[in-house]
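The first chain written gets the first letter, and so on, giving A, B, C and D; residue counts start at 1 in each chain.
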Amino acid sequence: MIKAGIIGSTGYAGAELAGLLLGHPEAEVVWYGSRSYTGQEYTSIYRNMFRMLDAKCLDDNLEELADEADVIFTATPQGFCASVMSDRILEKARVVDLSADFRIKDVKIYEKWYGLEHKSPQYIEKAVYGLCEINREEIKRTRLVANPGCYTTCSILTLYPLVKEGVVELSSIIIDAKSGTSGAGRGAKVPNLFCEVNENIKAYGIGNHRHTPEIEEQLGLACGENVILNFTPHLIPMNRGILATAYAFLKRPFSYEEIKGIYEKYYGEELFIRLLPEGVYPETRWTEGSNFVDINFKIDERTGRIIAIGALDNLVKGAAGQAIQNMNLMFGLPEVLGLERVPLFP
Amino acid sequence: MIKAGIIGSTGYAGAELAGLLLGHPEAEVVWYGSRSYTGQEYTSIYRNMFRMLDAKCLDDNLEELADEADVIFTATPQGFCASVMSDRILEKARVVDLSADFRIKDVKIYEKWYGLEHKSPQYIEKAVYGLCEINREEIKRTRLVANPGCYTTCSILTLYPLVKEGVVELSSIIIDAKSGTSGAGRGAKVPNLFCEVNENIKAYGIGNHRHTPEIEEQLGLACGENVILNFTPHLIPMNRGILATAYAFLKRPFSYEEIKGIYEKYYGEELFIRLLPEGVYPETRWTEGSNFVDINFKIDERTGRIIAIGALDNLVKGAAGQAIQNMNLMFGLPEVLGLERVPLFP
Amino acid sequence: MIKAGIIGSTGYAGAELAGLLLGHPEAEVVWYGSRSYTGQEYTSIYRNMFRMLDAKCLDDNLEELADEADVIFTATPQGFCASVMSDRILEKARVVDLSADFRIKDVKIYEKWYGLEHKSPQYIEKAVYGLCEINREEIKRTRLVANPGCYTTCSILTLYPLVKEGVVELSSIIIDAKSGTSGAGRGAKVPNLFCEVNENIKAYGIGNHRHTPEIEEQLGLACGENVILNFTPHLIPMNRGILATAYAFLKRPFSYEEIKGIYEKYYGEELFIRLLPEGVYPETRWTEGSNFVDINFKIDERTGRIIAIGALDNLVKGAAGQAIQNMNLMFGLPEVLGLERVPLFP
Amino acid sequence: MIKAGIIGSTGYAGAELAGLLLGHPEAEVVWYGSRSYTGQEYTSIYRNMFRMLDAKCLDDNLEELADEADVIFTATPQGFCASVMSDRILEKARVVDLSADFRIKDVKIYEKWYGLEHKSPQYIEKAVYGLCEINREEIKRTRLVANPGCYTTCSILTLYPLVKEGVVELSSIIIDAKSGTSGAGRGAKVPNLFCEVNENIKAYGIGNHRHTPEIEEQLGLACGENVILNFTPHLIPMNRGILATAYAFLKRPFSYEEIKGIYEKYYGEELFIRLLPEGVYPETRWTEGSNFVDINFKIDERTGRIIAIGALDNLVKGAAGQAIQNMNLMFGLPEVLGLERVPLFP
């Protein structure tokens, strides 16, 4: 039985981790870390798990936790994980960091977009970017996974085969993304109040959202070129789900079958990526609660563009589910273990 | 492996059954019945289960299905199950009827409230009312379960210990219930359109909702007296969940501990009923996607009333989950099998 | 032109006042008070009114404001208005207080339910309870109106004719109320975040909600007897709207026409109360954005109860609209002035 | 007093017209046409207007209506208005057609995208495209207005100054639009049920939505060149509102002030277009219920693109409000008459 600790267990992503690990046959949580609720019953905060577990929230002492856990999940604000990371921790435990601290290989870009000094850049190189479908083998061998962001997982997986195979004009890529509100976290802020989000849609972080360089870097690694693109997130009045609508010019006319073949080449065997039938497009509802990413595309012959669309649950494949998929890989377990949930609809 | 057939598998309750049975280790679906979609791929209608199952919708021939299945779930409109029930079917298969056809023991009351002639009243006596927490032993021995309605499950379980133990004035009982919209089914009707339900709350079926006599009959059986009460359902702009707020005069002043003890007596060992801590009241979100019923109460000394509140997911404990709980009981399986889902929040 | 000041103008009720006064032909706002946003452009906070007004938020100095305004609206936390009220203010300006400070005549009850010491009980007697349909003449003559709460307006108006005419058993009254989330205010609190409210319903303030004594006192004044009842509010995932479902035993069997006649007697001429046709029940959506209260009832012969239902927009008839209706009365204007909005649907 | 008739008065756009005209000081509705509800009380269908008007639904006989009305609004399915249009009707009454029948000047494009034969192409040339801010003078002189679609109004107004002034690469334009569900109409269809729309976002009409050629034609007229672009609509779980996020390469680096100046040049004096302050972006909530379009832009120096964003209420500026704005222009009335509503928030 793998012993797991969660730092930041009372945020939405942390709680999703807790819930998923409850149903995981080979792992158990030994540490529910929460700076805000230390000492309180975990299920007094997340009553959905009432009677399913019995534990008090602990603090966020990673050094101490490393003595007790085989794997540590950090679902913490940017900068925290980098500020406490140490060789000792990594020797004792594997770490899956759900923050952005070790996602971006170029530390200058990290510091610029996040406005933070990186406290332990020496671990960036060691960290593997935890997009399982792309870096599976590296993940198996690492002790530190940088779990991708929710927008980025959806955006990268939607575009990866197209970029990798060089079928689209890189400079023409635009990603217009839409997210449910759980992505904004559980902090008490006026803009996230029910009455402010409900019956509304807005764009935010236009031209400067922090997930932009992460997407650019990963797509750049895929094609070996510099990628600069527009990424615009929007806030949607729903709890869960991300939809990414991506646009790009095709370098030449491609047939449906050609592009389909390219997606099949990369994702045909993937358990959590569902390539939808022709003419059927992703909707977030079909993925809710599950680790699936649904993907499809449309070639617009009029404009010469491909529109590729991806959908996932931001708390599962976009955060906690992917983190567990990474854990499974790191510990040599079947990748789907604990992640077999049927999407909940309606 | 239990072979299961679902008649009405493309309604919301039927699809919930399909989803839950996908995760059930001892059962598999051999027949996805759907009069509306016969011949179509099941997952072209419920894309959440895309790639998780591969089957075409079949018709609603119960006789034929009984040859192939060990258990038949009928999630069909009122009157259908009664109109096709036969000795032959019940000899070959066990049946869990999610409609109201066999719930009400007094056929005259059924015919009056439902405005239908009952086509097979001879099976009413054989049918066991499938509220597992109350009729567990009878369910184990029957071949025909009348699976309770969603409002009724919530209302009866909330009030049962109080009525059974005779602590409330029967004539003072009022149940004010609120339901998510999936309870209205998947039929294409103007009142259930998004724009009609969203940003609205309304009462309906005031004084004549069909779940009223079912609640009255079951509570009457509990106390051996005639129960007549007010039950008022309301439609809420959310997908899932029922909250029942029940009011009654206490026959004499009771302490919190006395009433708590009564609830503990009946539900203390129940796996799917969670009696909440003092001062914490049920909310539908904490049960979403699960088979839990959350219950608590408040004694109002000013008025001499008890307010008892219950919450559940109408598609799970209020329909498909309870049906599987009944199946588990009928086949001698652990009651929780396939029903271990952690409630999904947010 | 009436000069109006709003203290607490950046809460939801305050902003509704601002919006309604923008469309009022005989009034203009000269003071947008806001302790939180003093010095900021009002429309930088409420961008719906961008370019419709041009003013900076001022502080909450009532003495100073009284020199500039003919009428002051206080949409402030409990206790504030009582703590600053003075003869000087009331000599210079009329006041409509949207808080509870002067609603309850029995100061001991106020202090007990609100847990506050009342700082100026000497004004309680002078204040008129501003339920226009009931206290119209007194309102015309007063300089201090205690504007009723949202739940209370809906509850009292729904039950008033029945209680006044003595047709119901007072001890049997139960009010089960449901409210949109704007009633919870614009404070940044975790329980009011989108993801906490959405896809959920809960009861709160069970047995101890502060609107209870206000309803009891007013209904008691109507019938000349002591009224003690149960009032249970519920939080609904929608922005606006209150639905009150009220239950009581009829003292004897009444016909539909008898009860209808009683409602007509009190409300037949009222501009803002709409008695719906037989069999049609209030829904909050039909009142959204307007000052209407929709009311209807059902006699349940089986149980001997009447179920009376009312619906309104909590920010309009339940707060700002009623405040303006009161202002119109106090200044001798037509009661509907500035309140002619057609309810917005969908 | 202008006498108005509404054909299709029981759809959402028709009802918005009815509501707005109730508050219009110079117009009154003399004919509520509704094929589905002929003979029924109008307010039995739209109870928000109960007691505000008293009329039965009439049929959709335009010839007869033209004898009684000064202006006719047709909020009807595609093809209807073209199939009944006649010289006689246009001689007797002015017509504002909310359908697409006379919007597209190139009848072949209309027939191709709508899959309909156009029954009266002779009126296309006479019809003026009713985007008031662009075609104001022509509208004043015409008897037949083709009222723009909701997506198109938002998309065109957002991009018009940029295209007109030639600052963007035409081939690079992408419009990613998001709409509330009232845009889908009041027809009883499964995909528009509450449980299907709620907690979901999806793209639809990818590459072939019918508003595409309308946007292309109008932007093409603005710049005198052929415009081919991508337009992708998305369905959002909210009642009202459209947000259009438009992307294009700037032909050269522009400063914020330059682009701001261009917008000011075209819209600086417009009553219903609000250019937001720098750094503040449109959100649909700030326009709800009003005739406003909110617009702003961001120059992304990294990519060389401009991101221009517009928001409006699809039922008001996107349909009924614009129709009344057109009526005001046609009848020489102040453009804002009957359209002064303050946006309703929350």
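A few remarks follow.
We take it that a residue touches a chain if its C-beta (ideal position, glycine included) is under 8 Å from a C-beta of that chain, and two chains touch if they have at least 3 such contacts.
Everything quoted here is computed from the prediction, not taken from an experiment.
Looking at A-C and A-D side by side, the one with more C-beta contacts is A-D. With every chain reduced to the mean of its CA atoms, the largest distance from chain D is reached by B.
Distance between chain C and chain D, defined via averaged C-alpha coordinates, is recorded as 37 Å. Separating the CA-averaged centres of chain A and chain D is a span of 38 Å.
Computed centre separation for the pair chain A/chain C is 46 angstrom, with centres defined by C-alpha atoms. Counting partners per residue, chain A has 12, 182, 195-196, 198-199, 237-240, 283, 285, 288, 346 as the residues that reach two or more other chains. Judged by the touch criterion defined above, the protein chains are all mutually in contact, each touching every other. For chain B in complex with chain D, the residues that touch the partner chain are 12, 181-182, 186, 188-190, 192-199, 237-239.
Those residues of chain B lying in contact with chain A across their complex are 12, 15, 19-20, 22-23, 46-52, 182, 199, 239-240, 274, 276-277, 280, 283, 285-290, 294, 340-346.
Partner chain B is touched in their complex by these residues of chain C: 172, 174, 176, 178, 180, 195-196, 198-204, 206-207, 228-230, 232, 234, 236-241, 243, 245, 247, 281-285, 288, 298, 300, 302-303, 305, 307, 309, 346.
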